[in-house]
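These notes are about the structure you will find just below.
Chain lettering (A, B, C and D) follows the sequence in which the chains are written, and residue indices restart at 1 in each chain.
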(Lines give C-alpha, C1' and ligand atoms only; values in the text may rest on other atoms or scores of the structure.)
Protein backbone atom coordinates (compact mmCIF):
# COMPACT_ATOMS: atom_id res chain seq x y z
CA UNK A 1 0.00 0.00 0.00
CA UNK A 2 1.26 3.45 -0.83
CA UNK A 3 2.35 5.28 2.31
CA UNK A 4 0.70 8.43 1.01
CA UNK A 5 -2.77 6.90 1.06
CA UNK A 6 -4.37 8.41 4.08
CA UNK A 7 -5.87 6.17 6.70
CA UNK A 8 -9.43 7.25 7.20
CA UNK A 9 -11.10 4.88 9.56
CA UNK A 10 -9.26 3.46 12.50
CA UNK A 11 -10.99 0.27 13.43
CA UNK A 12 -10.83 -1.25 16.89
CA UNK A 13 -9.02 -4.54 16.82
CA UNK A 14 -12.02 -6.72 17.22
CA UNK A 15 -11.04 -10.25 16.68
CA UNK A 16 -13.02 -13.03 15.07
CA UNK A 17 -11.92 -16.58 15.63
CA UNK A 18 -12.35 -19.46 13.20
CA UNK A 19 -11.56 -23.00 14.25
CA UNK A 20 -10.23 -25.35 11.58
CA UNK A 21 -9.05 -28.94 11.63
CA UNK A 22 -6.00 -29.63 9.50
CA UNK A 23 -6.64 -32.06 6.64
CA UNK A 24 -4.36 -34.93 5.66
CA UNK A 25 -4.12 -33.52 2.17
CA UNK A 26 -2.85 -30.25 3.61
CA UNK A 27 0.33 -31.91 4.88
CA UNK A 28 3.44 -32.50 2.81
CA UNK A 29 6.15 -35.13 3.04
CA UNK A 30 7.95 -33.09 5.70
CA UNK A 31 5.02 -34.03 7.95
CA UNK A 32 3.69 -30.49 8.43
CA UNK A 33 1.01 -28.42 6.79
CA UNK A 34 2.29 -27.17 3.43
CA UNK A 35 3.02 -23.44 3.52
CA UNK A 36 0.40 -22.44 0.95
CA UNK A 37 -2.52 -23.80 2.93
CA UNK A 38 -2.33 -21.00 5.49
CA UNK A 39 -3.70 -18.66 2.83
CA UNK A 40 -6.77 -20.90 2.51
CA UNK A 41 -7.20 -20.72 6.28
CA UNK A 42 -6.81 -16.93 6.26
CA UNK A 43 -9.53 -16.78 3.60
CA UNK A 44 -11.88 -18.97 5.63
CA UNK A 45 -11.30 -16.69 8.64
CA UNK A 46 -12.15 -13.60 6.58
CA UNK A 47 -15.46 -15.21 5.69
CA UNK A 48 -16.14 -15.81 9.38
CA UNK A 49 -15.14 -12.21 10.15
CA UNK A 50 -17.92 -11.04 7.82
CA UNK A 51 -20.54 -13.43 9.20
CA UNK A 52 -19.61 -12.26 12.68
CA UNK A 53 -20.81 -8.84 11.58
CA UNK A 54 -24.04 -10.05 10.03
CA UNK A 55 -23.11 -10.09 6.35
CA UNK A 56 -21.29 -12.31 3.87
CA UNK A 57 -18.65 -11.53 1.29
CA UNK A 58 -20.60 -13.91 -0.97
CA UNK A 59 -23.59 -11.57 -0.91
CA UNK A 60 -21.39 -8.55 -1.62
CA UNK A 61 -19.81 -10.43 -4.51
CA UNK A 62 -23.29 -11.16 -5.88
CA UNK A 63 -23.81 -7.38 -5.91
CA UNK A 64 -20.60 -6.92 -7.91
CA UNK A 65 -18.18 -6.06 -5.10
CA UNK A 66 -14.97 -8.09 -4.99
CA UNK A 67 -12.00 -7.76 -2.68
CA UNK A 68 -9.03 -9.47 -4.34
CA UNK A 69 -5.82 -9.78 -2.35
CA UNK A 70 -3.02 -7.49 -3.49
CA UNK A 71 -0.48 -8.43 -0.84
CA UNK A 72 0.10 -11.25 1.63
CA UNK A 73 2.65 -11.85 4.34
CA UNK A 74 3.17 -14.91 6.50
CA UNK A 75 5.56 -15.81 9.29
CA UNK A 76 5.65 -19.52 10.03
CA UNK A 77 6.73 -19.83 13.64
CA UNK A 78 5.71 -23.27 14.78
CA UNK A 79 4.42 -26.67 13.86
CA UNK A 80 1.02 -27.43 12.37
CA UNK A 81 0.34 -31.10 11.78
CA UNK A 82 -2.40 -33.35 10.48
CA UNK A 83 -5.56 -33.45 12.59
CA UNK A 84 -4.47 -30.50 14.74
CA UNK A 85 -7.16 -28.03 15.65
CA UNK A 86 -6.05 -24.53 14.81
CA UNK A 87 -7.75 -21.25 15.64
CA UNK A 88 -7.31 -18.45 13.15
CA UNK A 89 -7.72 -15.05 14.78
CA UNK A 90 -8.49 -12.32 12.28
CA UNK A 91 -9.09 -8.62 12.61
CA UNK A 92 -9.06 -5.55 10.40
CA UNK A 93 -6.03 -3.43 11.10
CA UNK A 94 -6.54 -0.64 8.58
CA UNK A 95 -9.23 0.62 6.24
CA UNK A 96 -8.16 3.14 3.62
CA UNK A 97 -10.00 4.77 0.76
CA UNK A 98 -10.18 1.69 -1.43
CA UNK A 99 -8.18 -0.92 0.45
CA UNK A 100 -8.15 -2.72 3.76
CA UNK A 101 -5.73 -4.84 5.74
CA UNK A 102 -6.59 -8.01 7.65
CA UNK A 103 -4.20 -9.32 10.27
CA UNK A 104 -4.04 -12.93 11.41
CA UNK A 105 -2.64 -15.00 14.19
CA UNK A 106 -2.94 -18.77 14.25
CA UNK A 107 -3.03 -20.67 17.51
CA UNK A 108 -2.38 -24.39 17.36
CA UNK A 109 -4.84 -25.62 19.99
CA UNK A 110 -3.22 -29.03 20.01
CA UNK A 111 0.17 -27.63 21.04
CA UNK A 112 -1.03 -24.42 22.67
CA UNK A 113 1.37 -22.29 20.65
CA UNK A 114 0.99 -19.32 18.34
CA UNK A 115 2.30 -20.81 15.13
CA UNK A 116 1.69 -18.20 12.47
CA UNK A 117 1.30 -14.46 12.03
CA UNK A 118 0.41 -12.67 8.87
CA UNK A 119 -1.55 -10.05 7.05
CA UNK A 120 -3.25 -9.53 3.73
CA UNK A 121 -4.19 -6.36 1.87
CA UNK A 122 -7.31 -6.29 -0.26
CA UNK A 123 -8.55 -3.75 -2.76
CA UNK A 124 -12.25 -3.21 -3.28
CA UNK A 125 -13.23 -3.66 -6.88
CA UNK A 126 -16.58 -2.96 -8.51
CA UNK A 127 -18.46 -4.02 -11.60
CA UNK A 128 -15.85 -2.48 -13.86
CA UNK A 129 -13.14 -4.61 -12.24
CA UNK A 130 -11.20 -1.52 -11.20
CA UNK A 131 -10.48 -0.24 -7.70
CA UNK A 132 -13.27 1.81 -6.19
CA UNK A 133 -13.66 4.06 -3.18
CA UNK A 134 -15.27 1.82 -0.61
CA UNK A 135 -18.98 2.73 -0.78
CA UNK A 136 -20.54 4.12 2.40
CA UNK A 137 -22.86 1.14 2.82
CA UNK A 138 -19.94 -1.28 2.69
CA UNK A 139 -17.86 0.89 5.01
CA UNK A 140 -20.74 0.72 7.48
CA UNK A 141 -20.63 -3.08 7.33
CA UNK A 142 -16.87 -3.11 7.89
CA UNK A 143 -17.21 -0.88 10.93
CA UNK A 144 -19.78 -3.10 12.59
CA UNK A 145 -18.80 -4.61 15.89
CA UNK A 146 -19.26 -8.31 16.46
CA UNK A 147 -21.83 -8.90 19.15
CA UNK A 148 -24.01 -6.07 17.90
CA UNK A 149 -25.07 -8.30 15.06
CA UNK A 150 -26.06 -11.92 15.11
CA UNK A 151 -23.35 -14.16 13.73
CA UNK A 152 -24.61 -15.71 10.53
CA UNK A 153 -24.65 -19.53 10.49
CA UNK B 1 -23.84 -42.47 -18.17
CA UNK B 2 -27.12 -44.01 -19.04
CA UNK B 3 -26.66 -47.28 -20.91
CA UNK B 4 -29.48 -46.32 -23.20
CA UNK B 5 -27.67 -43.31 -24.60
CA UNK B 6 -26.52 -44.38 -27.97
CA UNK B 7 -22.89 -44.05 -28.86
CA UNK B 8 -22.74 -42.01 -32.02
CA UNK B 9 -19.14 -41.35 -32.86
CA UNK B 10 -16.52 -43.99 -32.33
CA UNK B 11 -13.23 -42.21 -31.96
CA UNK B 12 -9.89 -43.88 -32.57
CA UNK B 13 -7.90 -43.99 -29.37
CA UNK B 14 -5.41 -41.37 -30.28
CA UNK B 15 -3.33 -40.58 -27.29
CA UNK B 16 -1.95 -37.24 -26.19
CA UNK B 17 0.83 -37.20 -23.64
CA UNK B 18 1.44 -34.49 -21.06
CA UNK B 19 4.60 -34.50 -18.99
CA UNK B 20 4.32 -33.14 -15.44
CA UNK B 21 6.80 -32.84 -12.61
CA UNK B 22 5.35 -33.60 -9.17
CA UNK B 23 5.40 -30.63 -6.77
CA UNK B 24 6.45 -30.79 -3.15
CA UNK B 25 3.09 -29.36 -2.14
CA UNK B 26 1.38 -32.24 -3.94
CA UNK B 27 2.84 -34.77 -1.50
CA UNK B 28 1.35 -35.65 1.86
CA UNK B 29 2.92 -36.92 5.06
CA UNK B 30 2.79 -40.49 3.75
CA UNK B 31 5.50 -39.36 1.32
CA UNK B 32 3.46 -39.84 -1.85
CA UNK B 33 1.38 -37.57 -4.02
CA UNK B 34 -1.98 -36.95 -2.33
CA UNK B 35 -4.80 -38.78 -4.08
CA UNK B 36 -6.72 -35.66 -5.14
CA UNK B 37 -3.87 -34.24 -7.20
CA UNK B 38 -4.32 -36.80 -9.94
CA UNK B 39 -7.51 -35.01 -10.93
CA UNK B 40 -5.49 -31.83 -11.46
CA UNK B 41 -3.09 -33.79 -13.67
CA UNK B 42 -5.96 -35.34 -15.63
CA UNK B 43 -7.30 -31.81 -16.21
CA UNK B 44 -3.93 -30.55 -17.42
CA UNK B 45 -3.75 -33.50 -19.83
CA UNK B 46 -7.22 -32.70 -21.21
CA UNK B 47 -5.98 -29.18 -21.99
CA UNK B 48 -3.01 -30.68 -23.86
CA UNK B 49 -5.36 -33.05 -25.69
CA UNK B 50 -7.21 -30.02 -27.07
CA UNK B 51 -4.06 -28.12 -28.03
CA UNK B 52 -2.84 -31.25 -29.82
CA UNK B 53 -5.86 -30.85 -32.06
CA UNK B 54 -5.35 -27.15 -32.71
CA UNK B 55 -7.89 -25.65 -30.30
CA UNK B 56 -8.22 -24.81 -26.62
CA UNK B 57 -10.97 -25.48 -24.13
CA UNK B 58 -10.31 -21.92 -22.92
CA UNK B 59 -11.44 -20.52 -26.26
CA UNK B 60 -14.54 -22.74 -26.28
CA UNK B 61 -15.33 -21.55 -22.75
CA UNK B 62 -15.04 -17.95 -23.92
CA UNK B 63 -17.76 -18.81 -26.47
CA UNK B 64 -19.99 -20.16 -23.69
CA UNK B 65 -19.26 -23.88 -23.99
CA UNK B 66 -18.28 -25.62 -20.76
CA UNK B 67 -17.57 -29.29 -20.10
CA UNK B 68 -17.94 -29.92 -16.37
CA UNK B 69 -17.03 -33.35 -15.05
CA UNK B 70 -19.97 -35.52 -14.03
CA UNK B 71 -18.03 -38.63 -13.10
CA UNK B 72 -14.46 -39.57 -12.25
CA UNK B 73 -12.74 -42.84 -11.53
CA UNK B 74 -9.18 -43.48 -10.43
CA UNK B 75 -7.14 -46.59 -9.72
CA UNK B 76 -3.95 -45.87 -7.81
CA UNK B 77 -1.58 -48.70 -8.66
CA UNK B 78 1.88 -47.45 -7.85
CA UNK B 79 4.04 -44.82 -6.24
CA UNK B 80 4.26 -41.20 -7.27
CA UNK B 81 6.73 -39.13 -5.30
CA UNK B 82 8.05 -35.61 -5.11
CA UNK B 83 10.09 -34.49 -8.12
CA UNK B 84 9.10 -37.53 -10.17
CA UNK B 85 8.37 -36.92 -13.82
CA UNK B 86 5.05 -38.40 -14.75
CA UNK B 87 3.48 -38.73 -18.19
CA UNK B 88 -0.28 -38.51 -18.37
CA UNK B 89 -1.65 -40.30 -21.42
CA UNK B 90 -5.13 -39.16 -22.32
CA UNK B 91 -7.53 -40.17 -25.04
CA UNK B 92 -11.24 -39.90 -25.78
CA UNK B 93 -12.94 -43.25 -25.39
CA UNK B 94 -16.53 -42.31 -26.16
CA UNK B 95 -18.47 -39.37 -27.53
CA UNK B 96 -22.22 -39.45 -27.06
CA UNK B 97 -24.95 -36.96 -27.83
CA UNK B 98 -24.07 -34.51 -25.09
CA UNK B 99 -21.29 -36.22 -23.15
CA UNK B 100 -17.80 -37.60 -23.65
CA UNK B 101 -15.42 -39.83 -21.77
CA UNK B 102 -11.69 -39.28 -21.40
CA UNK B 103 -9.49 -42.15 -20.32
CA UNK B 104 -6.11 -41.75 -18.66
CA UNK B 105 -3.03 -43.73 -17.86
CA UNK B 106 -0.16 -42.28 -15.87
CA UNK B 107 3.38 -43.50 -16.38
CA UNK B 108 5.91 -42.66 -13.69
CA UNK B 109 8.98 -41.97 -15.81
CA UNK B 110 11.21 -42.07 -12.76
CA UNK B 111 10.20 -45.64 -11.88
CA UNK B 112 9.12 -46.78 -15.35
CA UNK B 113 5.79 -48.05 -14.06
CA UNK B 114 2.16 -47.40 -14.96
CA UNK B 115 0.95 -45.96 -11.67
CA UNK B 116 -2.60 -44.82 -12.34
CA UNK B 117 -5.57 -45.53 -14.58
CA UNK B 118 -8.77 -43.61 -14.69
CA UNK B 119 -11.50 -41.95 -16.64
CA UNK B 120 -13.74 -38.91 -16.45
CA UNK B 121 -17.10 -38.20 -18.03
CA UNK B 122 -17.96 -34.64 -19.08
CA UNK B 123 -21.22 -33.11 -20.19
CA UNK B 124 -21.28 -30.26 -22.66
CA UNK B 125 -23.08 -27.26 -21.31
CA UNK B 126 -24.06 -24.07 -23.12
CA UNK B 127 -24.92 -20.52 -22.24
CA UNK B 128 -28.00 -21.61 -20.36
CA UNK B 129 -25.89 -23.86 -18.12
CA UNK B 130 -27.84 -26.92 -19.18
CA UNK B 131 -26.66 -29.94 -21.14
CA UNK B 132 -26.67 -29.48 -24.90
CA UNK B 133 -26.30 -31.72 -27.91
CA UNK B 134 -22.66 -31.30 -28.88
CA UNK B 135 -22.78 -28.78 -31.75
CA UNK B 136 -21.45 -29.96 -35.12
CA UNK B 137 -18.54 -27.51 -35.08
CA UNK B 138 -17.37 -28.78 -31.69
CA UNK B 139 -17.86 -32.39 -32.72
CA UNK B 140 -15.60 -31.66 -35.66
CA UNK B 141 -12.90 -30.41 -33.30
CA UNK B 142 -13.22 -33.50 -31.10
CA UNK B 143 -12.83 -35.79 -34.10
CA UNK B 144 -9.62 -34.13 -35.26
CA UNK B 145 -6.55 -36.30 -35.31
CA UNK B 146 -3.37 -35.07 -33.71
CA UNK B 147 -0.71 -34.56 -36.34
CA UNK B 148 -3.19 -33.17 -38.84
CA UNK B 149 -3.20 -29.95 -36.85
CA UNK B 150 -0.32 -28.04 -35.38
CA UNK B 151 -0.08 -28.49 -31.61
CA UNK B 152 -0.76 -25.17 -29.99
CA UNK B 153 2.05 -23.86 -27.78
CA UNK C 1 -10.55 -55.13 -5.66
CA UNK C 2 -10.16 -58.67 -6.79
CA UNK C 3 -13.53 -60.39 -6.95
CA UNK C 4 -11.97 -63.50 -5.50
CA UNK C 5 -11.07 -61.80 -2.25
CA UNK C 6 -13.61 -63.03 0.16
CA UNK C 7 -15.64 -60.59 2.16
CA UNK C 8 -15.20 -61.46 5.80
CA UNK C 9 -16.94 -58.88 7.88
CA UNK C 10 -20.23 -57.38 6.81
CA UNK C 11 -20.54 -54.06 8.52
CA UNK C 12 -23.86 -52.36 9.17
CA UNK C 13 -24.12 -49.16 7.22
CA UNK C 14 -23.68 -46.82 10.11
CA UNK C 15 -23.29 -43.35 8.82
CA UNK C 16 -21.08 -40.58 10.16
CA UNK C 17 -21.77 -37.04 9.04
CA UNK C 18 -19.20 -34.29 8.65
CA UNK C 19 -20.28 -30.74 7.98
CA UNK C 20 -17.96 -28.61 5.85
CA UNK C 21 -18.19 -25.08 4.52
CA UNK C 22 -16.93 -24.61 0.98
CA UNK C 23 -13.91 -22.32 0.68
CA UNK C 24 -13.46 -19.64 -1.93
CA UNK C 25 -10.20 -21.24 -2.99
CA UNK C 26 -12.07 -24.47 -3.66
CA UNK C 27 -14.08 -22.88 -6.46
CA UNK C 28 -12.91 -22.54 -10.03
CA UNK C 29 -13.76 -20.02 -12.75
CA UNK C 30 -16.86 -22.00 -13.65
CA UNK C 31 -18.21 -20.80 -10.30
CA UNK C 32 -18.47 -24.25 -8.69
CA UNK C 33 -16.25 -26.28 -6.42
CA UNK C 34 -13.41 -27.78 -8.47
CA UNK C 35 -13.86 -31.52 -8.96
CA UNK C 36 -10.71 -32.56 -7.05
CA UNK C 37 -11.79 -30.95 -3.78
CA UNK C 38 -14.41 -33.61 -3.14
CA UNK C 39 -11.59 -36.04 -2.41
CA UNK C 40 -10.37 -33.70 0.36
CA UNK C 41 -13.89 -33.65 1.79
CA UNK C 42 -14.14 -37.43 1.60
CA UNK C 43 -10.85 -37.62 3.52
CA UNK C 44 -12.07 -35.23 6.20
CA UNK C 45 -15.22 -37.35 6.58
CA UNK C 46 -13.15 -40.52 7.01
CA UNK C 47 -11.31 -38.83 9.88
CA UNK C 48 -14.67 -37.98 11.48
CA UNK C 49 -15.83 -41.58 10.94
CA UNK C 50 -12.89 -42.77 13.05
CA UNK C 51 -13.41 -40.17 15.79
CA UNK C 52 -17.08 -41.20 15.89
CA UNK C 53 -15.83 -44.63 16.95
CA UNK C 54 -13.41 -43.35 19.58
CA UNK C 55 -10.12 -43.55 17.69
CA UNK C 56 -8.14 -41.56 15.14
CA UNK C 57 -6.37 -42.60 11.98
CA UNK C 58 -3.59 -40.27 13.12
CA UNK C 59 -2.94 -42.46 16.14
CA UNK C 60 -2.98 -45.60 14.00
CA UNK C 61 -0.53 -43.97 11.61
CA UNK C 62 1.75 -43.17 14.55
CA UNK C 63 1.76 -46.92 15.24
CA UNK C 64 2.79 -47.62 11.65
CA UNK C 65 -0.60 -48.44 10.12
CA UNK C 66 -1.48 -46.54 6.96
CA UNK C 67 -4.50 -46.87 4.73
CA UNK C 68 -3.65 -45.38 1.34
CA UNK C 69 -6.40 -45.10 -1.25
CA UNK C 70 -6.17 -47.55 -4.12
CA UNK C 71 -9.36 -46.59 -5.90
CA UNK C 72 -11.77 -43.67 -5.96
CA UNK C 73 -15.02 -43.02 -7.72
CA UNK C 74 -17.12 -39.87 -7.83
CA UNK C 75 -20.42 -38.94 -9.41
CA UNK C 76 -21.01 -35.19 -9.53
CA UNK C 77 -24.76 -34.74 -9.63
CA UNK C 78 -25.42 -31.19 -8.50
CA UNK C 79 -24.05 -27.79 -7.72
CA UNK C 80 -21.67 -26.96 -4.90
CA UNK C 81 -20.77 -23.30 -4.59
CA UNK C 82 -18.70 -21.01 -2.44
CA UNK C 83 -19.87 -20.65 1.15
CA UNK C 84 -22.33 -23.53 0.85
CA UNK C 85 -22.61 -25.84 3.83
CA UNK C 86 -22.23 -29.41 2.72
CA UNK C 87 -22.71 -32.56 4.77
CA UNK C 88 -20.56 -35.52 3.84
CA UNK C 89 -22.16 -38.80 4.86
CA UNK C 90 -19.66 -41.62 5.08
CA UNK C 91 -19.97 -45.29 5.95
CA UNK C 92 -17.98 -48.47 5.52
CA UNK C 93 -19.55 -50.69 2.91
CA UNK C 94 -17.10 -53.59 2.89
CA UNK C 95 -14.18 -54.85 4.92
CA UNK C 96 -12.07 -57.56 3.34
CA UNK C 97 -8.88 -59.28 4.43
CA UNK C 98 -6.59 -56.31 3.84
CA UNK C 99 -8.83 -53.68 2.27
CA UNK C 100 -11.95 -51.70 3.02
CA UNK C 101 -14.42 -49.57 1.10
CA UNK C 102 -15.90 -46.28 2.25
CA UNK C 103 -18.99 -44.94 0.58
CA UNK C 104 -20.00 -41.29 0.53
CA UNK C 105 -22.96 -39.11 -0.18
CA UNK C 106 -22.78 -35.34 -0.09
CA UNK C 107 -25.81 -33.26 0.76
CA UNK C 108 -25.69 -29.59 -0.12
CA UNK C 109 -27.50 -28.08 2.87
CA UNK C 110 -27.82 -24.76 1.12
CA UNK C 111 -29.78 -26.24 -1.78
CA UNK C 112 -31.16 -29.31 0.00
CA UNK C 113 -29.94 -31.64 -2.73
CA UNK C 114 -27.74 -34.74 -2.82
CA UNK C 115 -24.94 -33.47 -5.01
CA UNK C 116 -22.33 -36.21 -4.99
CA UNK C 117 -21.97 -39.94 -4.53
CA UNK C 118 -18.76 -41.88 -4.41
CA UNK C 119 -16.60 -44.49 -2.85
CA UNK C 120 -12.96 -45.12 -2.08
CA UNK C 121 -11.05 -48.33 -1.50
CA UNK C 122 -8.16 -48.38 0.95
CA UNK C 123 -5.53 -51.02 1.61
CA UNK C 124 -4.04 -51.42 5.06
CA UNK C 125 -0.30 -51.13 5.03
CA UNK C 126 2.14 -51.80 7.87
CA UNK C 127 5.67 -50.82 8.79
CA UNK C 128 7.07 -52.59 5.75
CA UNK C 129 4.85 -50.49 3.46
CA UNK C 130 3.21 -53.60 2.04
CA UNK C 131 -0.41 -54.73 2.36
CA UNK C 132 -1.19 -56.57 5.56
CA UNK C 133 -4.08 -58.62 6.84
CA UNK C 134 -6.02 -56.16 8.97
CA UNK C 135 -4.91 -56.93 12.54
CA UNK C 136 -7.60 -58.08 14.97
CA UNK C 137 -7.25 -54.97 17.16
CA UNK C 138 -7.82 -52.69 14.17
CA UNK C 139 -10.67 -54.82 12.90
CA UNK C 140 -12.27 -54.40 16.32
CA UNK C 141 -12.02 -50.61 15.95
CA UNK C 142 -13.56 -50.73 12.48
CA UNK C 143 -16.50 -52.77 13.77
CA UNK C 144 -17.31 -50.35 16.56
CA UNK C 145 -20.68 -48.69 16.40
CA UNK C 146 -20.95 -44.94 16.77
CA UNK C 147 -22.83 -44.10 19.93
CA UNK C 148 -21.18 -46.89 21.87
CA UNK C 149 -18.04 -44.79 22.03
CA UNK C 150 -17.68 -41.15 22.77
CA UNK C 151 -16.98 -39.10 19.65
CA UNK C 152 -13.50 -37.66 19.94
CA UNK C 153 -13.34 -33.86 19.76
CA UNK D 1 14.96 -12.74 10.12
CA UNK D 2 16.74 -11.09 12.97
CA UNK D 3 18.55 -7.98 11.85
CA UNK D 4 21.51 -8.95 13.99
CA UNK D 5 22.21 -12.09 12.00
CA UNK D 6 25.20 -11.23 9.94
CA UNK D 7 25.10 -11.75 6.22
CA UNK D 8 28.02 -13.90 5.31
CA UNK D 9 27.87 -14.75 1.66
CA UNK D 10 26.74 -12.20 -0.88
CA UNK D 11 25.45 -14.11 -3.85
CA UNK D 12 25.24 -12.63 -7.33
CA UNK D 13 21.66 -12.38 -8.43
CA UNK D 14 21.72 -15.21 -10.86
CA UNK D 15 18.26 -15.90 -12.00
CA UNK D 16 16.67 -19.22 -12.84
CA UNK D 17 13.46 -19.23 -14.83
CA UNK D 18 10.70 -21.82 -14.60
CA UNK D 19 7.85 -21.82 -17.07
CA UNK D 20 4.46 -22.96 -15.80
CA UNK D 21 1.04 -23.20 -17.40
CA UNK D 22 -1.84 -22.19 -15.13
CA UNK D 23 -4.28 -25.02 -14.38
CA UNK D 24 -8.04 -24.70 -14.43
CA UNK D 25 -8.16 -25.93 -10.84
CA UNK D 26 -5.87 -23.07 -9.85
CA UNK D 27 -8.49 -20.49 -10.75
CA UNK D 28 -11.29 -19.35 -8.46
CA UNK D 29 -14.73 -17.98 -9.18
CA UNK D 30 -13.29 -14.49 -9.61
CA UNK D 31 -11.74 -15.88 -12.80
CA UNK D 32 -8.11 -15.48 -11.71
CA UNK D 33 -5.54 -17.78 -10.16
CA UNK D 34 -6.31 -18.16 -6.45
CA UNK D 35 -3.79 -16.32 -4.30
CA UNK D 36 -2.37 -19.40 -2.55
CA UNK D 37 -1.22 -21.07 -5.77
CA UNK D 38 1.63 -18.63 -6.22
CA UNK D 39 3.38 -20.35 -3.30
CA UNK D 40 3.22 -23.63 -5.22
CA UNK D 41 4.77 -21.91 -8.21
CA UNK D 42 7.49 -20.36 -6.05
CA UNK D 43 8.27 -23.85 -4.73
CA UNK D 44 8.47 -25.31 -8.23
CA UNK D 45 10.86 -22.53 -9.20
CA UNK D 46 13.10 -23.26 -6.19
CA UNK D 47 13.37 -26.85 -7.39
CA UNK D 48 14.41 -25.60 -10.82
CA UNK D 49 16.92 -23.24 -9.20
CA UNK D 50 18.63 -26.26 -7.61
CA UNK D 51 18.61 -28.34 -10.79
CA UNK D 52 20.12 -25.38 -12.62
CA UNK D 53 23.10 -25.78 -10.29
CA UNK D 54 23.43 -29.52 -10.73
CA UNK D 55 21.71 -30.75 -7.56
CA UNK D 56 18.22 -31.38 -6.23
CA UNK D 57 16.60 -30.46 -2.96
CA UNK D 58 15.09 -33.96 -3.08
CA UNK D 59 18.56 -35.50 -2.81
CA UNK D 60 19.49 -33.16 0.06
CA UNK D 61 16.25 -34.10 1.82
CA UNK D 62 17.16 -37.78 1.42
CA UNK D 63 20.37 -36.95 3.30
CA UNK D 64 18.35 -35.36 6.10
CA UNK D 65 18.59 -31.69 5.13
CA UNK D 66 15.31 -29.82 4.95
CA UNK D 67 14.65 -26.16 4.24
CA UNK D 68 11.19 -25.30 5.56
CA UNK D 69 9.82 -21.83 4.84
CA UNK D 70 9.74 -19.50 7.82
CA UNK D 71 8.44 -16.42 6.02
CA UNK D 72 6.72 -15.58 2.77
CA UNK D 73 5.71 -12.35 1.12
CA UNK D 74 3.71 -11.79 -2.05
CA UNK D 75 2.60 -8.76 -3.99
CA UNK D 76 -0.13 -9.49 -6.51
CA UNK D 77 0.18 -6.82 -9.18
CA UNK D 78 -1.58 -8.17 -12.22
CA UNK D 79 -3.82 -10.79 -13.72
CA UNK D 80 -3.04 -14.46 -14.01
CA UNK D 81 -5.70 -16.53 -15.72
CA UNK D 82 -6.38 -20.08 -16.77
CA UNK D 83 -4.09 -21.46 -19.47
CA UNK D 84 -1.71 -18.50 -19.23
CA UNK D 85 1.98 -19.29 -19.48
CA UNK D 86 3.82 -17.71 -16.60
CA UNK D 87 7.57 -17.51 -16.03
CA UNK D 88 8.72 -17.58 -12.43
CA UNK D 89 12.12 -15.90 -12.04
CA UNK D 90 13.87 -16.96 -8.86
CA UNK D 91 17.19 -16.02 -7.33
CA UNK D 92 18.88 -16.16 -3.94
CA UNK D 93 19.10 -12.72 -2.41
CA UNK D 94 20.77 -13.55 0.91
CA UNK D 95 22.48 -16.47 2.57
CA UNK D 96 23.03 -16.21 6.31
CA UNK D 97 24.40 -18.63 8.88
CA UNK D 98 21.41 -20.94 8.90
CA UNK D 99 18.89 -19.25 6.63
CA UNK D 100 18.49 -18.05 3.07
CA UNK D 101 16.16 -15.81 1.14
CA UNK D 102 14.76 -16.51 -2.32
CA UNK D 103 13.26 -13.69 -4.31
CA UNK D 104 10.72 -14.13 -7.09
CA UNK D 105 9.21 -12.25 -9.96
CA UNK D 106 6.46 -13.68 -12.10
CA UNK D 107 6.04 -12.65 -15.72
CA UNK D 108 2.74 -13.45 -17.38
CA UNK D 109 3.93 -14.37 -20.87
CA UNK D 110 0.41 -14.21 -22.21
CA UNK D 111 -0.02 -10.56 -21.22
CA UNK D 112 3.67 -9.56 -21.16
CA UNK D 113 3.36 -8.09 -17.67
CA UNK D 114 5.17 -8.63 -14.38
CA UNK D 115 2.28 -9.82 -12.26
CA UNK D 116 3.83 -10.85 -8.95
CA UNK D 117 6.80 -10.15 -6.74
CA UNK D 118 7.71 -11.94 -3.57
CA UNK D 119 10.25 -13.58 -1.37
CA UNK D 120 10.53 -16.51 0.99
CA UNK D 121 12.94 -17.18 3.86
CA UNK D 122 14.01 -20.73 4.59
CA UNK D 123 15.88 -22.18 7.52
CA UNK D 124 18.16 -25.17 7.07
CA UNK D 125 17.20 -27.99 9.34
CA UNK D 126 19.08 -31.25 9.97
CA UNK D 127 18.28 -34.72 11.22
CA UNK D 128 17.36 -33.38 14.65
CA UNK D 129 14.72 -31.10 13.05
CA UNK D 130 16.40 -28.02 14.51
CA UNK D 131 18.12 -25.18 12.67
CA UNK D 132 21.72 -25.87 11.72
CA UNK D 133 24.59 -23.80 10.45
CA UNK D 134 24.54 -24.42 6.72
CA UNK D 135 27.21 -27.09 6.18
CA UNK D 136 30.15 -26.16 3.95
CA UNK D 137 29.23 -28.72 1.29
CA UNK D 138 25.71 -27.33 1.00
CA UNK D 139 27.00 -23.75 1.02
CA UNK D 140 29.21 -24.73 -1.92
CA UNK D 141 26.14 -25.97 -3.81
CA UNK D 142 24.25 -22.76 -3.08
CA UNK D 143 27.11 -20.67 -4.40
CA UNK D 144 27.29 -22.50 -7.70
CA UNK D 145 26.61 -20.50 -10.80
CA UNK D 146 24.16 -21.78 -13.37
CA UNK D 147 25.95 -22.55 -16.62
CA UNK D 148 28.97 -23.97 -14.81
CA UNK D 149 26.92 -27.05 -14.09
CA UNK D 150 24.64 -28.99 -16.34
CA UNK D 151 20.97 -28.36 -15.62
CA UNK D 152 19.47 -31.55 -14.34
CA UNK D 153 16.53 -32.85 -16.37
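The criterion applied here is as follows: contacts are C-beta pairs under 8 Å (C-beta built on N, C-alpha and C of every residue); 3 or more make two chains touch, one makes a residue touch a chain.
Worth saying up front: this structure is predicted, and the values here are computed from it rather than measured.
Comparing chain pairs A-B and A-D, the larger number of C-beta contacts belongs to A-D. Distance from the centre of chain A peaks at B, each centre being the average of the chain's Cα atoms. For the self-contact between chain C and chain D, the two sides draw on mostly identical residue numbers; the shared fraction is above half. Between chain B and chain D, the centres computed from C-alpha atoms are 30 Å apart. In terms of their C-alpha centroids, the spacing between chain A and chain B amounts to 35 Å. Inter-chain spacing, taken between the CA centroids of chain A and chain D, is 25 Å.
The set of chain A residues that touch two or more partner chains comprises 24-25, 30, 35-36, 39-40, 43, 82.
If you check the complex, the residues on chain B that touch chain C are 30, 32, 35-37, 39-40, 66, 68-77.
Note for the complex: chain D touches chain C at residues 24-25, 27-31, 34-36, 81-82.
Per the touch definition, chain A reaches chain C in the complex via residues 21, 23-25, 39-40, 43-44, 47, 56, 58, 82-83, 85, 153.
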